[in-house]
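In the two complexes that follow, chain A is the common piece, with chain B as its partner first and chain C second.
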Partner chain A sequence: MTETDSNPTAATRRRWRMPEEIGVVVALVAMMAVIGIARPRFLNPINLFSLLGNTTFLGMLAVGMVFLLAIREIDLSVGWMFNFSAVVAALLMVAGLDPWLAAFIGILFGAGLGLVNGLIAVTLRLPAIIVTLGTYSMFQGLSLVVNKGRAIVPADQSSSFFSVISTKLFGLVPVAALVFIVLAIAMHIVLHRTRFGYRVQAVGSNPEAAAHAGIPTNWVRLQTLVLMGAICGLSGVMYVGFRGAIDPNEGGDFVLVVIAAVIIGGTPLSGGHGTIIGAVVGMMIIQVISSGLIFFGIDATWSTFVTGAVIVLAVSLDRLIKFQRARRAERSRETLRS
Partner chain B sequence: MISVRNLAKRYGGVVALDSMSLSVERGTIHAVVGENGAGKSTLMKVLAGVVKPDGGVVELDGTPVVIDGPNAARQLGIGMVYQELSLFPERSVLANLFVNREPVRRGLISKREMEAACSDLLDRLGLNVDVDAPVSRLSIGEQQLVELARVLLERPQLLILDEPNSALNSRETERLFAVLRGLRTSGITMLYVSHRLEEVFAICDRVTITRNGRDVLTRDRSGLTIAEVIEGMIGQQRDALFPPALPPRSDVAPTEIVVSNLAGGRLDKASFTARSGEIVGFAGLEGSGVSDLFDMLFGMRKARGGEVRFPDGRGMPRSATEAARRRVCLVPSDRRRDGLMLDKSILFNLSNVVVGARHGSPWYLARAALDRARRQIEVLRIRGAPLALANSLSGGNQQKIVIGKWLEIDPQVFLLDDPTRGVDVGAKREIYGLIRRMSAGGGIVLFSSTELPELIGLCDRILVVYQGRIAGEVSGSQMNEHTVLHLTNTGEMPQADRRPQANQETVA
Partner chain C sequence: MTRNSKTLLLGAFALALGVSTASAQDVTIGFVAHAQGDPFVQQIQDGAQAAANDLGVKLVVAQQAGGAPEGQLKLVQNFANSGAQGIATSVPGESMAKGLNEIIDSGVPIVQFNLLSTAVNAPYVGEKSVESGRVLGKMIVEKLGGAEAKGTVILGNCFPGFPVLENRAKGVQESLKAAPGLNVIGPFDVKVSAVDNFNRWEQLYGANPEAVALIGLCAPDVTSLGKLNAANGDKFVAGGYDLTELNLKAIKEGHAYVTIGQSAFVQGYLPVALLVNAVKNGAKLGSGFHNSGAQIVTADSVDMGNGLKPISFDEAQKLAADPAATIEYYKPWTQSLTAEILSAAPQPISAESE
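Showing the complex of A and B:
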């Protein structure tokens, strides 16, 4: 015990740590290279940026979902929070409200849906996955009641709201994709550089210890679910601006893709840790797979299967790496003791 | 019938069994007593095949045997009833009795056969419950009997009981003892581990006293007194483990915490006052209510009644967050579950309270966190780099992190719940030094421990909690292991030092 560490300062400086997202980034680049060599047209900037555009709406949800997995929760209702907020915003636009204002209300509405999830989960001490299993259908049902089963199309699309969001900067980069990237960067900072992000990881890592350290665990869970709702709202109103309409069923199949992207990105289901960059790249991998298959002339129906296979592959690799790391840690501990 | 010779087992640097020898006669109830860490539980686990010894011999009826797993133990006729219940609470009594060896007829589990096989035994145990009801609906005492029945169904020759009545009230204990006496007449040998000496004397035929992983003394119960047993458990183990008290800082105003009639959990009507600059010890058996007291003072548990006045003039915190903000800290007894984020770095863990609980800047600054980590690593001499995972550290270093994250906010009230559990001797000494510093720096220190020597070596006075009430306070010349052990185990002050046992003269 008397022996102190040689010099912790030097030790931390000396060891440069590889960013953990390196694995998924390499996987994405390799995939694109393979497709690009076989079908050079795939690497055309126009195609790549349209790919990025397609990633936007689901990618935003994935960014929010990272926080949930990091706090050891899952929100199943994201797709319908997305849909419901979009429907409400679109209906307000139809009613003649200024689209910017309607969009803002849509985001708040999404946050409100998240608040509903959060209040139920916190007051009843239920896991969010159970609560959102119920609200999944509630939000879907309410949305259907409100939109009467029809697509909502704001008639007057002359507002700058529509033109700004669907514009492509330099004829290439969709503004929606830019918003997505800004959101991702902001959320990355929130997760790693703010007290809220710290608390999320602490609660997810060990809720008991977090409570014993005086961390307000319920408050943090509530905040996380509200954040998820607000991001769904943002994604929803952007969708309305981008497509000019919201279909009654849009969003229903989002949740599994979103969770898949987060997991491919390297966020563990066991909580305590998350990577936004990984989730964004994970979502891109999923998009590259489905569009790559089209480039190879393989029927698009295969993309679902391949996406699933990639998830299985990603989690098995992850498990393998963790297993080895744990063994190494154990070995080093034994040498320390002896 | 069964005997062990020179059994040894170490966990890392901690010696659990040094050289333990023991011999049990057929058809007797043989008690093994000793303080925490004396090696009782490890000995039992070796016999049950759960723990592999590093050395020594186990002999069954004179032939050496190797017990390399719980199944091997079972085949040798050794059954063990664990201290904590290992039942499946949602499943029925029958399902629990026949876990993993359900009688099968035509590919289906036969409930009728199960009932037939156990009804006789349940009658004998006096367990008249609905066998289809989930175990969670039974009282703790009944659950304990289910546990016992499950082991007895395997027809063991040797039955090991590790504090089987720790959760029982006195009536249930009586019933359990009646059952055990019945088993003894039917020829079953029993090894009985307990802290509670009164009970040991009530039920056992022979007693082995253990200390520091060795057997100190084995004798028939009729040749022993409680006083002698306590003497044997303590031994002569005073050493320079405890640093002397430091001079108190003169520049801080004295403060105090006043607890009156506090009740909650197992604790009932506790009243005491603790002042800054003193270390107040809390002694009590597991489940006596000390942990409940600390949880309430820390806002983790709601009180049923009573009042507390903290040094800041306010009452009880309503949440742990509020406690942390009012500079009340708790070092929990279960370090791995309640104290640490094991998959996180030292740096992350040390920021727990400052970043996680307190008001202040909404940013988490990596630079500040690193400074914090370096500071505590230096002050507490934690062996590890700031980014090392908490899981990779030894128990002592882990405990220093738990303490260190609180030192960052300079607490006024320290609630230390068994802070040296599972920590090696070197780290223990360092932690004792820290506790001295907390107290000298103007903190109010409430210190609970399951190890008597450290309570006596460190505390200014000791409050003994027995079954939820404060049974007594010892200080000054009264503060010796004999008195405290007597209080913790019986709830009464020893009368005139030695009390002759019924029809038994004290042996000089």
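Showing the complex of A and C:
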């Protein structure tokens, strides 16, 4: 019998331990409540599902970025992998290929771009952030060459690919958002319930120890970067289905928002740990702030500052909660010792 | 609720109170623009605000730093969901069309300005983009000596892929063909931020020091080219777009030759006026083109377009720096905008790129 088992109070506390994402979830709910009280129209289901829809494409990238941060890597090329995959899929559709097949090829193409990042990073033993600093421009440039600097708009959008992805169930819930939620749940399970997920966190926690324990660290890094590419591909082809077009400059400004969402959600830059739920909530916080500023009628000249300030506030409150929880846990341990 | 949760809630509530400054007015118009901080876009915004003040409506502005369609569409959707009665937006990409049409179908009128998608079922206020390029190209050819001109001409585009800018490039290239001896290279991506823009032009000139003319298609180009020309002994002819303070300074000092204005004030004022007319008088807003008019400014002549009274170069400089003076200058034009004029059918959208 363990020490805590002998103490019913401590055992109860352990059973009722709050999830680590509670801080950002409370921050999100509080923001929505405050905006909703001041501007009741904000809580209109149409607006809330619109916000969920707005979270979809960047949110998918954030889900993949959690794996990278957990393994102590950052991929700066996510926006252009998204764009390039979407452009390739859209061009195949324009060429007459079945949109479902074109979308599948687009996802594989995204995985291929991730593989390029991974192979360079692993073979040259470079951090992904350095490699993707270069491939960021390479993928952008190649995408511009392929799309000739113009939007790609598949002319025939009668395929079920477009109607299914852009459909809103009950006139409210975007199917694309449901795909995002399913992806997030699947990736949460992969990160926390599979050998691959444990390995990602082990390598991110201490690469040397992971290597000594027999984990093929290079293989895990490669898999993670390919996964990121495939998710970018998925997000890109879904974007084509949802919006019916892909523009040459779309995706260029995604990376900072994606990394911000993951960090707001509670995934540390130091690696070894990640939270998919936190990243999803982090992305929703960013969307709620953007929407809230407009509902409050805050002018553009102030909104940039307010956006940053609210993000800092949300992260500070989350850290404050975690700090207080850590102190309480420490006090509990001291009490048990005494 | 835990103590921590209460702290969070109170913090968020205090923040919301601090930022809640909106005052109640009957009609709210949302205004969404790209390239936050760009002086030319600010001039458009000043025009929109002037219209809101004149027409007694509330204008709320939202902007994004770059020109990504997805970010811009989200801002428009937020305005629609927040209950704005009308929305004016630039449309930096085709992927916005589907979402904007859904908003229009839901009953919220939209007007496009400065950047357009022809797939959007809304009017567009802007310049005749190919034609303005033709004017710019023609002036450069004439400055270089007409049909006998020879040498390399460098063309730069700050946002490759934007239809309006691609159209300008098309117009410039068309006019430059009048001088077969000119070798046109580009368009190159010269970026939109002032620092990047200057660096790109410097690199391009460094690689092509024999160039006889450098032509930009966006607001920061004339300023960058003026600086570059000044640093290299004014060896090339510089031309570009927009009547910003710094662009006019470069022309006045003789480091740049010509800048083509696209009536920023009109591009801001007219969309708001059209929306207010639609909201208050029930006017229908279908697809179509409202020409904002072109302005042609060199050190020797200033044509402000739209039948506005002639002004000197110094007065043009004053207008670029002073929104209040601009409002005053445009009064004869703003006062001419009757409900009848605003309700008249616009030109077909194809006229924009003729």
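For the reader, a short list of remarks on this structure follows.
Heads up, the rule we're going with is that the second predicted complex is superposed on the first by the 285 of 338 C-alpha atoms of A that agree within 3 Å, B and C clash if a C-alpha of one lies under 4 Å from a C-alpha of the other, contacts with A are read in each partner's own complex, and residues count from 1 in each chain.
One rule holds for everything that comes next: a residue touches a chain if its C-beta (ideal position, glycine included) is under 8 Å from a C-beta of that chain, and two chains touch if they have at least 3 such contacts.
Keep in mind that what you see is a predicted model, and the values were worked out from it rather than measured.
Applying the stated contact rule after C-alpha superposition, one finds that A:194 touches chain B and leaves chain C untouched.
By the touch criterion defined above, A:208 lies against chain B but remains apart from chain C after alignment on the C-alpha atoms of chain A. In the superposition on chain A, A:294 makes contact with chain C only, while chain B stays out of contact range. When the two complexes are overlaid on their common chain A, residue A:167 makes contact with neither chain B nor chain C. In the overlay built on the shared chain, the residue A:216 is in contact with chain B alone; chain C does not reach it. Comparing chain B with chain C, the partner in contact with more residues of chain A is C. By the touch criterion stated above, A:249 is placed in contact with chain C alone, chain B being left untouched.
Looking at the shared chain after the overlay, A:272 reaches chain B, while chain C stays out of its contact range.
Only residues 4-5, 7-9, 11-13, 15-16, 19-22, 28, 30, 33, 36, 45, 58, 60-71, 74-75, 77-79, 81-83, 92-99, 119, 159-163, 166 of chain C touch chain A when the two sit together in their complex.
Those residues of chain A that touch chain C in the shared complex are 23, 26-27, 30-31, 33-35, 38-39, 41-42, 44, 46-47, 50, 54, 57, 144, 147, 149-151, 153, 166, 239, 243-253, 287, 290-304, 306, 309-310, 313, 317, 320-321, 324. Across the complex, chain B is touched by residues 1-5, 8-9, 11-12, 15, 17, 192-199, 201-202, 205-206, 208-216, 272-273, 329, 332-333, 336-337 of chain A. Chain B contributes residues 12-13, 300, 319-321, 323-325, 330, 332, 337-344, 348, 351-353, 355-358, 360-366, 370, 374, 377, 381, 383-387, 389, 391-392, 394, 396, 405, 424, 426-427, 430 to its touches with chain A in the complex.
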